[in-house]
Each structure stands twice: as structure tokens, then as C-alpha cells.
Amino acid sequence: MSSMWGSRIRISVFGESHGQAIGVVIDGLPAGVKLDLELISQEMKRRRPGYSELTTARREEDRVDILSGFFQGTTTGTPLTAVILNTNTKSKDYEAIKDLMRPSHADYTGHIKYMSFNDYRGGGHFSGRLTAPLVFAGAIAKQMLKEKNITIGGHIQSIADVDDSSFNPVSIEPLLLKELAKKEFCVIDDSKGQQMKEQILKAKAENDSVGGIIEAAIVNLPAGAGDPIFNAVESTLAQLLFSIPAVKGVEFGRGFAISRMKGSEANDQMFIDNGQIGFFTNNNGGILGGIATGMPVVFRVAVKPTPSIGRSQKTVDIAKQINTTIEIQGRHDPCIVPRVLPVIEAAAALATLELLGG
Amino acid sequence: MSSMWGSRIRISVFGESHGQAIGVVIDGLPAGVKLDLELISQEMKRRRPGYSELTTARREEDRVDILSGFFQGTTTGTPLTAVILNTNTKSKDYEAIKDLMRPSHADYTGHIKYMSFNDYRGGGHFSGRLTAPLVFAGAIAKQMLKEKNITIGGHIQSIADVDDSSFNPVSIEPLLLKELAKKEFCVIDDSKGQQMKEQILKAKAENDSVGGIIEAAIVNLPAGAGDPIFNAVESTLAQLLFSIPAVKGVEFGRGFAISRMKGSEANDQMFIDNGQIGFFTNNNGGILGGIATGMPVVFRVAVKPTPSIGRSQKTVDIAKQINTTIEIQGRHDPCIVPRVLPVIEAAAALATLELLGG
Amino acid sequence: MSSMWGSRIRISVFGESHGQAIGVVIDGLPAGVKLDLELISQEMKRRRPGYSELTTARREEDRVDILSGFFQGTTTGTPLTAVILNTNTKSKDYEAIKDLMRPSHADYTGHIKYMSFNDYRGGGHFSGRLTAPLVFAGAIAKQMLKEKNITIGGHIQSIADVDDSSFNPVSIEPLLLKELAKKEFCVIDDSKGQQMKEQILKAKAENDSVGGIIEAAIVNLPAGAGDPIFNAVESTLAQLLFSIPAVKGVEFGRGFAISRMKGSEANDQMFIDNGQIGFFTNNNGGILGGIATGMPVVFRVAVKPTPSIGRSQKTVDIAKQINTTIEIQGRHDPCIVPRVLPVIEAAAALATLELLGG
Amino acid sequence: MSSMWGSRIRISVFGESHGQAIGVVIDGLPAGVKLDLELISQEMKRRRPGYSELTTARREEDRVDILSGFFQGTTTGTPLTAVILNTNTKSKDYEAIKDLMRPSHADYTGHIKYMSFNDYRGGGHFSGRLTAPLVFAGAIAKQMLKEKNITIGGHIQSIADVDDSSFNPVSIEPLLLKELAKKEFCVIDDSKGQQMKEQILKAKAENDSVGGIIEAAIVNLPAGAGDPIFNAVESTLAQLLFSIPAVKGVEFGRGFAISRMKGSEANDQMFIDNGQIGFFTNNNGGILGGIATGMPVVFRVAVKPTPSIGRSQKTVDIAKQINTTIEIQGRHDPCIVPRVLPVIEAAAALATLELLGG
């Protein structure tokens, strides 16, 4: 049971990087949602590689075919299935190195789990490419949330050791999130963005890679969303966020930093003003007892540097059972953080739909 | 669907802090497990309050009654139910403040979610007390994992700004984990532990509280455990870990720090020695592509400072709809980190069972 | 995953016939349901043995203790747990015959599945006694359905070869169902009931047993309830109904008889009258394409004769691995159909809640 | 959550009769299953229409494209997705009658559930065509079961009022099931089959339709398979069987007839012979307490007559809200029982895999 998720809205993701197609079945959508194909296409484009010198030169069209659940421009209420054919695949690149375990990839774990039957080409089912159907599903979720006045967005908080400003957790304007989504490089402070890009290009020039942190927010999630214990807002979001390749940490509100604060500093004190209840601070990231407080749900996600680098690395030939080295050729992102951002937003949108009961 | 979890092994947690009882149903245990009641009792004791000046003076016996699934000393294979009666409850303490929303507690979110029907006494179903049945279930899981040679343990990595040493992620001795479990205050370096305790007592004296970070590990999880995407090792663990009250961050391997490393530093290069495959480093915390590599699974959890503090805090009277202040009286932990540690271990043990297929 | 069910409302049933207790956790109930303890008690009593010469002389009080999820007379919205202590148990009766596999009981299958760890006393977790918590949960479901104007009820359609009248499937009065529920022996035609009782007493006198058929209905289930394919109204109901011990067949509408009808006879033709859509017949039992039509959902359930009989039967001693015979002593129902009826209704009520989305 | 099923092996069925495609995602298959494409194709052909005067003249090629989870001739262990493009669709046939609710079809319930967004063409997601992906998934399941020596098969027990012989439930030869599967018209006694065909052709000539009963068996299901209560063998099978369009009844063993037997007749007495435990009879259909006994699991399924008939029927125009009549034109099966048989077998195969733990 690897690739199905959700109880109120359910997604079933399938495909391998170099197989015939990747895709997703989404079950539990209401009937009558007029799909905003423009928005979907925009979100797909944000994730798509090949459109900037910062990302891989590998171009993927990522054209989505909707096979079911969509009739005369709207959802039918029955499972919506979307398929993306794999076109620009160069599987032969992988034939040569199929026995060499690329460090920090899933080559070795896939081999152990599925033995010789693992589809090794381009990471197979473990490929970052599998996030494309997630972004598609997330775009529909975003559209549905918009009708409930809920906005989800994020920005690149850091690349390598360059940090951008943070959100003000007490008050995040939906407009800011929308403007960020339109940026080609999603940072709050563009001069910091410039420095980040330099870090990426420097890593690229050195046949190396860099990682970063993404900060994102769900604005206007109604107080009361989420359930205690296992379906806490944090639990539901974290399960999906950690399903995204390269994510190694997730924190809410002040996150790890809250562990160094005193209770008197960390506690979000409350007030009432004109019948409206508010919080002076939002150190808990809009979640108490696993339930939304109505404040922005703020979280940060750590993304590791791209494992595929051109430098020589020590590894193992799994067939010959010998030590060897590998220099990964081909078209790889020196930094995947910008492309992970829309995936994070998509995952958050799907989790939010689930928290709201589908 | 708030309080049931798992697909291969399933737990259903119930109860409120001041209700008649709390407990858990565990479904999916195999028949014939001779319960190690000694181990269970030990784990329960590690979580139990009232046995140190560092914790609350509130004593709870936490005597577990097994109502089903247990016959002649072993599990029967049918659902095992354990109940802990609530005895040392002083519900009247809560009567007086039931309309005052304690900052950073679930009082407000519980009120919004369940309206006037919320059991406000001592946090109700949101109470940290609900982790007792989790520790019980985790103790059984630990015992079952021991038979598969898998050891789970952890230590207090930091309290306030005092940091202990970290695990060496490449090689964690099961013996170390066992010794840590026996300590009254689980730190690697006892002199650091002394400083931590001072921080806790200082906070207590100031009517304040402190938080901390817990580092834990699953040792000898077989390579291949876990599933791609939604049932990744990280996803499964994180969902459960974020179900524990006060947890605000979870990271694996180098976690957030990996975002500042280069690919060439972060990648875990590999070798083969005498037919045995190994990794020079373990920055990915024993997980690649969501699947266990066979290296120790290392993770860290951020715990916020106890919200209940004696200082005056601004809040709202939800019935009168006015601004007011609250000074929380009663028996509260100035720091819950030491008591959260066995809960983290229990959650990890249950998640591990699930990853292994029950 | 044996004993948990549901996705919108979830129940977790636990216990063994002669263990410490049996019970149920119900998750997903809304907050604020004022439990009608009178109704619950009445439903429990309908299932309870020992109150008529037609049933076993074994008296069970079946006193329900609510351990959680219930505060100040209403549900809290968090898991509601109910426990029934096992009191009138005579486990020694079973010690003597523990190796003799009672024919048509779960003794042999329980032994194979759980080996020597199976709780053999009184059928253990397989016991019909486990339907008591189901009736409890069903009573709450019935109460919630009543507020939506949905009524569930049934009658004994046949005992041995004595048949009662059937419901008129096109129009079943809620009042009829309520009156049936009050009857000590739930038949439409009491003279038929008299003949049925004679059959039961005759079987009892002969140390034998009889079975029967129960017909039940869900009245005013709104058109549109249910989902296509796997969560069809039939699928959801049947899964629960077949979970009840002794049930060997389930049919909807005309059921097996529809297989001998022509399309032109079987099809439920439609009309509109004063803006109200109706059906001339209801051969499909209120379900088309798995979805409720708004007509009464009518179904029938086949119940086998009680397996426990006093006559000598050929069986096996599983320890000695020899052929032998068994004459089952003790207090057994010559016919369980009357006591299964409230269980069928309870299962239908829970399934209906699930179909309506909890 | 309409169209996903299973916990150990999971299937997600999608598509509409006249949409772009129908298909299925199967999650939880082990890696390394060499797909027997011949067997799959054979099973698909058994269900496919247009190849006999007994079925509809509508020809569907039902060519399956495997999009994922299949590499170099074997399963990869990741989700296997199969798609069947809809080719021979004449959607215009449905344009004219889209507001006329075809009696005993899902037109009305689909309209109520999904409003005007329902894909009305050919039944949409409710179409019997959705059983094609089920047969595909079932063929893989059958192949996997074959390796465990488990055989599933069935026959047409009755059409209209013509009855064939029944299986001998105590001993069903796998060879018999294999021979039945090869028959163009699956009956035990071909002379009865001839009479059945005559009934079908007679109904066809009269613009009418007939139904029937299918008897099927799972042979060599190991004793101990299944779980008590909600995942009983009966519960798991029945949920899937009732997901098949036109099924209105399911019974196990003697089914409804057992309700008229005495305990002394119905009980399956046991013996041991040469260390092998056996049953003299199999009235319980190979299931006791929800768990397999090791005897053949025998069940019968009632299939209603095809709702699409050429005769004039009273119905409603849902747009105009008036009474009217409909004569359904087009290419329809006068009897779907022969084509439902392989679907029943497929569902049984998938349920069996689930019962065995995937």
C-alpha cells in the first residue's frame, strides 16, 4: 500500500520516470467543479524543468490528459484520472549505470525492496517526476479551496546559506502569496533571490548541488479544522510533505526554535476585539492540540541538495559486488528547491482538503 | 476519524484526562506474544508523572487493566484492549477556569470544534495523559521488535539552550540505547544533564517552563522497510510523532542542517566490504526514497515548553466574551521533555511495526 | 485488521465471551448528541438472552459502562467507548471440552488461525456475545438517524418452514417498524408467530435447533446516499451483515427471486406526481447502481440454526487427534433468530450512518 | 470514496462508459510477477460483448494498455495501472434520451447524486463496462493464486427458471473449474445449457430480458484465512460481489436454504483420517466464524435481468418533469449472466488475495 493516500479525498499516484506514463486518480471530488485549466497549467509549469538555466536542461512537456471524471468542462463526482505520457526519456543513459548505486538516491533501497525487478531507469517510481501528478491534483485542490477563501502559498526561505525574510506569522496577506506564485523565482526579497541564484550557478559550475528551506502558509483555514491525535493538522500535513522526495525536515510555527523558548515567550496569548478572538503571536503556527486556530498555518520544509552531481563519488556495483566510483552525467538540477516549492503547496492543498472533510 | 491509526497494526486511542478512563485497542497483534509485563510497567513508569522534582507533583498510578485479547499470559490474536482508570483527578480545579482559554493549550480549538460539548477538564481528549495508552502499546511493539533484533531508543538532545552530544548516526550501539532507557534523566553526557536540570528548576522557580529537543534512533531496521511515496518511513513516523502533544518539528538525518550542505558533502557514499554494503556517512538518517537503508534511522523532535505556567497571561473568557488574564495554578511540569521521550520511542516502535507489515 | 470497521464513522469491537469484558470504541460521532439511554437499554434488552423460554436460560445483565466520549449527558465528539463486563460466565464448562471442536462453530477455524493461543472459552472473540457492543453502537446510530427522519426496523420473516407475511416494499410505514420493535416476538402476523414458537419449542424438546430469515428495511433513506462500485449501499450493508455470526445469505429487494423474473417484470417503472418522483414497484429494494432511490431499502438475511445442540455429533479431539463425539451441554438458544433481529437492525443503522457520511 | 477498495491489495477503478478510457490502478502487488498475458486476454475475452448471438452486438475490443508497474515482462512492485480506451462508443444514442430515466438503471440515482454533472452516456461510471478493469485485475489475482494452488471458478446455476446441477460442495475438482472456464457457455450439464440459451433467445425475440444465478467456488483456500467480524471471508467477498452491477443477492454454503434446516442437519460434523481433518458435509460453504475451514468456499450470486429492454416502459423526463415512456433501442444483452460470471470470478480472486494478506 505504497501510493494511495487520504480518507475523505483519496489520491492514487502511479507511474515510473521512464515508463509509459505517470498519473493520478483522484476520488472524492464533488461533482460540478469547473476545472480551471489555466491555473492547472500554470502550476504544472512552475514545477516543470527545462525553463531556466537554474534547472535541468531536460525539457518535459508534462501535457496532462484527463481520462475520466471530467465531462463537459466540470468534474462528474466520480474518480478523476489524469495521465502524463513520458516523452523526453533517454532510458539508454541508465542502461550503462544500472548496477551503480547513485549515492543518496533510492537506487539501493529500490534494489533491496524490489530486487532485480526494480525499474531503475531514472529512479523509476521513486523519481521526482512523480510529483507532477501531485501538482496536478494540488491545483484542483487549490481551486476548490479558493472558493472557501483559503489561500496556500510559499517562498524560498533559504538556499545554501542565503536566507530570505520570513513571513510575519500573525498576518499573511493572500495577495502576497499570489504575487509570490507569479514570480519566476519565489522569494520575498529579490536581492536575496539574486544571491541565491548565484549560489546555485556556482554549485552548477562546480558540478555540485545545493539545498534549501521552503516556508509556506495556509491562510484562512477555519478554526476547528483537523482532528485530535492521529489526524492532527501537523500529522496530516507532515505525512504528505515527507512523501515528497528530498524532504528531510518539517516544522510548524517556530518549530525547532520553540524548543529554546520559555513558556512565557512561546505561549500565544489571546485577546478579543469587537467580538473577534485573536492571538498576539503565532508561535504555534496556527495549530493547537492538532486543531487549526484560525491563524495562518505556517510551516517550513528542509530540502536536501540534489543527489545527482557530476563529481566523482564512491559507490558500489551491485551486480559485480565491487567498490567503484560514479560521475553522474546528464541533465540534472543543481538545486531542486524552486521546483519543490509548487509541490509543497500542492501537498498542503490536498492535506487541507482532507482536513476539511473532502 | 480522529483517534484510530494504522493499516497493518491498528490502534484506537480513547479517553479524556478527567473522564472515567483512558485506553487503547490494538488490533493486528499476532497470537502467542508472551507479554513482558515488567517491560510494559517500566515504560509506563518512564512516562508517569510525580516521581521527580523535575516533573509535576501530580501522581498518577497508571495501572493498566487488560480487558481483552490476552489469555493465559499471551496475546490471542484478537484485539487487545487496555484501560487505565483515571483516579487522581481534581476536576474541580477546572470548573473555575473552564471558560478561560489557557494560552497554547487546545482549550480554544477544542471549544471551536466541539462547542460547549468539549470536555474541558484537564484538556479532555487533548490531554498529554492520552499518551499513556500510546506508551503501553509501544511497549508491546518494542517487545515484538526486540525479537527481530530491532532496538529503539533516544535521549534528551537539548533543554532550553543546553545541548548534549549527538548520536553518531553511522553506528549506534543497541547497548547505548538500553543504558539510556534505564537512566532517570536520559542524556548521553550526565554533566550536560545536570545543567539541563538546573534550567528546568530555574524555570520552575520562575513560574515558567522550558522545552527541548529529543533525538532518537531505530537500530537494525532492515533495508527495504517502508514504501515509496505516502508510506515512506519518514511519512509514517512523522504522522505518529506529530500526534504527540507539544511536538512542533520533526527531522531525519541531518534534517534542516542538510539544506545548507552541498550535494558532495550531503550524499552518503557507499562501499562494499566482505560482501557487506555500507555507507561512509548517514546524513539521510537511514532512509532513501522513503525506504530504510539498513543504517540507523535517526530523527529529532522539537518539543515546546509546557504551556501551563503560573505567570499571568492575557487571554479571553469565552463565555463572557471579554479580555482577562489567567495564572494557571496546580501541579504542572516545568518541562515535559523527559516524559515525552518514552512517548516518542513508543510512537517510533508502533510506526516500525507498521512499516514491517504488522 | 479484524475488528475495526468504517471510514466516516468507525467502530472498533473488542472482547471475548469469557474474558474480562467486551466493548466498542466509536469514533466519528458528532459532539452534542444527547444519548437516549432508555432507547439504548431497550435495544440491549432485545438482544439479551435469558428472558424467555424461547432463548437460553443463561442470563446476562449486559450493563454498559461508558468510559469516554460522554460528558454531562452528551457526546463530546471524541471517541466514545463502552464496556460490558462479563459476569455470568462459567468458563469451567469449556475447560472439559476445549479440545473437542464443536461442529459448525469457530472452534476449529479459531484453532487453526490462532493455534493454542485461541481463547476457546465460549467461542472467545467469535462469540455471538460480541454482537452486544454492536447493538449498543447501533442504538446510538438509530437515534441519530431518527433526527434525520430515517427509521430502521425488521421482523422475523420465517422460522424453519413457517413464513410470515412480507413487507410491502413500495410503502413501509415507520409506525409499523416501531410497533414491531416493541413486540416480544417480532412478527407481522402473530398467529404465524405462534407457529414459529412451536417450531422452536419442538426443536428444543428434541435437543435440536432451527434457523430462519429476517426481513428488514431502512425507510426514508434519502435518494443519492451510497457511492458507486465498492461503497454501494448493498456492499456497505452486506459487509456488516455478514459480520454477524450465523448469517449465511443477504439479498436486496426481490433478491434471488429476481433472477427468475423477466426484465419487463423486474424493472421498477417510474412516474411523477405533483412534482414527486415515484416508482410503481420496488423490486430493486430501493437501490439502483449502488445508490439509494429514496424507496424503502428492503433486505433479507438468512440465519442458520444454532450450532450448539444437545444431540450427539461426530467431531475431532484436536489435541489427541482422534475421532470422537460431542453432546453440547449447557444453556443454549434453540433458535437465535429473534435475538439476531436487533443485531441486524443495529448493523443496518451503522451502515446507514456510514452511507450518509458519518 | 467510491471507487477504491482493499487494504492489503488495493484497487482503484476509474472511468465512464463513454469517456476517454476506463482502467484500474492495482497497488500492493509483489515485484517479480511474470504476467500471463495470455490468461489475462482470455479472461477479458470471456467478459467482452459482441461475440455470440446471446450477447449484445456491440463489439468492444477491450485492448488493455499497461501504463505503469510493469517492466521487462514482470511487475515492479509499484502500482500497476491498466487503461482500456473507449472506442466503439456511440454517445449520440444517449444524447436523445439523456433526460429519460431508464427504469432499473442508475440514471435516476446518478442524476440525484451528481445532479446535472452526471455523465449520463451509457451509464457513465455506473456502467457494466467498469467491470472490464475488474476482470483485468482479477486475472492477475487468479494467476497469483494459482501459484498457491488456489483455483477459482464458477458456472451458470440458472437462467430464468432453468436450473443446472450444483457443485458437490464437499469436493470440487480444480479440473472441473478449469474446464468450465473454457466453455463458451459455462454450465455443468450442456443440455441444461441448451435450454438456458433458448430462454435467452426467446426473451431477445420478445424484446425482453432474463436473469439468473451464478454458483462459484474457491478451492484450496487454506484453513485460517479471513479474520473475525468485519473482515470475515463472507464480508470481504460480499462487499466486492455486491459492487458488481445487477447483483441482488449473495449466499454462502446452503445460504437461504440453511434457514429451513435443523441444527442436526445443518451442522458440518467432522472426522480425522490419517491425520487429516475433514468434514462430512459443507453446508457452511467452507467458512466458520468468518474464517476458512479448508473446504471449498461455495457461494451463489443472484443476477437481475438486464434492465435495458426494447419494450415500452413508463418513466419520467427529468428535465421536463413529466410522465413519459421509453423504448430502449440499441445493442443490449438479453441476458448478462454469462458475461457476469468472469466478473464474479475476478472479484472472488481479488477478495481471496486480500484475505491472504495481499
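A few comments on the model shown:
A, B, C and D label the chains in the order they appear, each numbered from 1.
As a working rule, a contact is a pair of C-beta atoms (placed from the backbone, for glycine too) under 8 Å apart; a residue touches a chain by one contact, two chains touch by 3 or more.
Computed from a predicted model, the values in this text were never measured in an experiment.
The minimum number of touch steps separating chain A from chain C is 1. Interface comparison, A-B versus A-D: the pair with the greater number of contacting C-beta pairs is A-B. Inter-chain centre distance (chain A to chain B, centres taken as mean C-alpha positions): 26 Å. Spacing of chain A relative to chain D, judged by their CA centroids, is 40 angstrom. Shown for chain A are the residues that touch two or more other chains, namely 1-4, 7, 13, 78, 113, 125, 228.
Residues 7, 78, 228 of chain C touch chain A in their complex. Against chain A, the residues of chain D that register as touching in their complex are 1-4, 7-8, 10, 12-16, 19-23, 25, 27-28, 31-32, 65-72, 74-81, 83, 113-119, 124-125.
Within the complex formed with chain B, the chain A residues making contact are 1-5, 7, 13, 101, 103-106, 108-110, 112-113, 123, 125-126, 130, 158, 160-161, 203, 208-213, 223-224, 226-232, 234-236, 238-243, 245, 247-264, 266-272, 275, 277, 280, 283-285, 287-294, 300, 302-309, 311, 313-316, 321-323.
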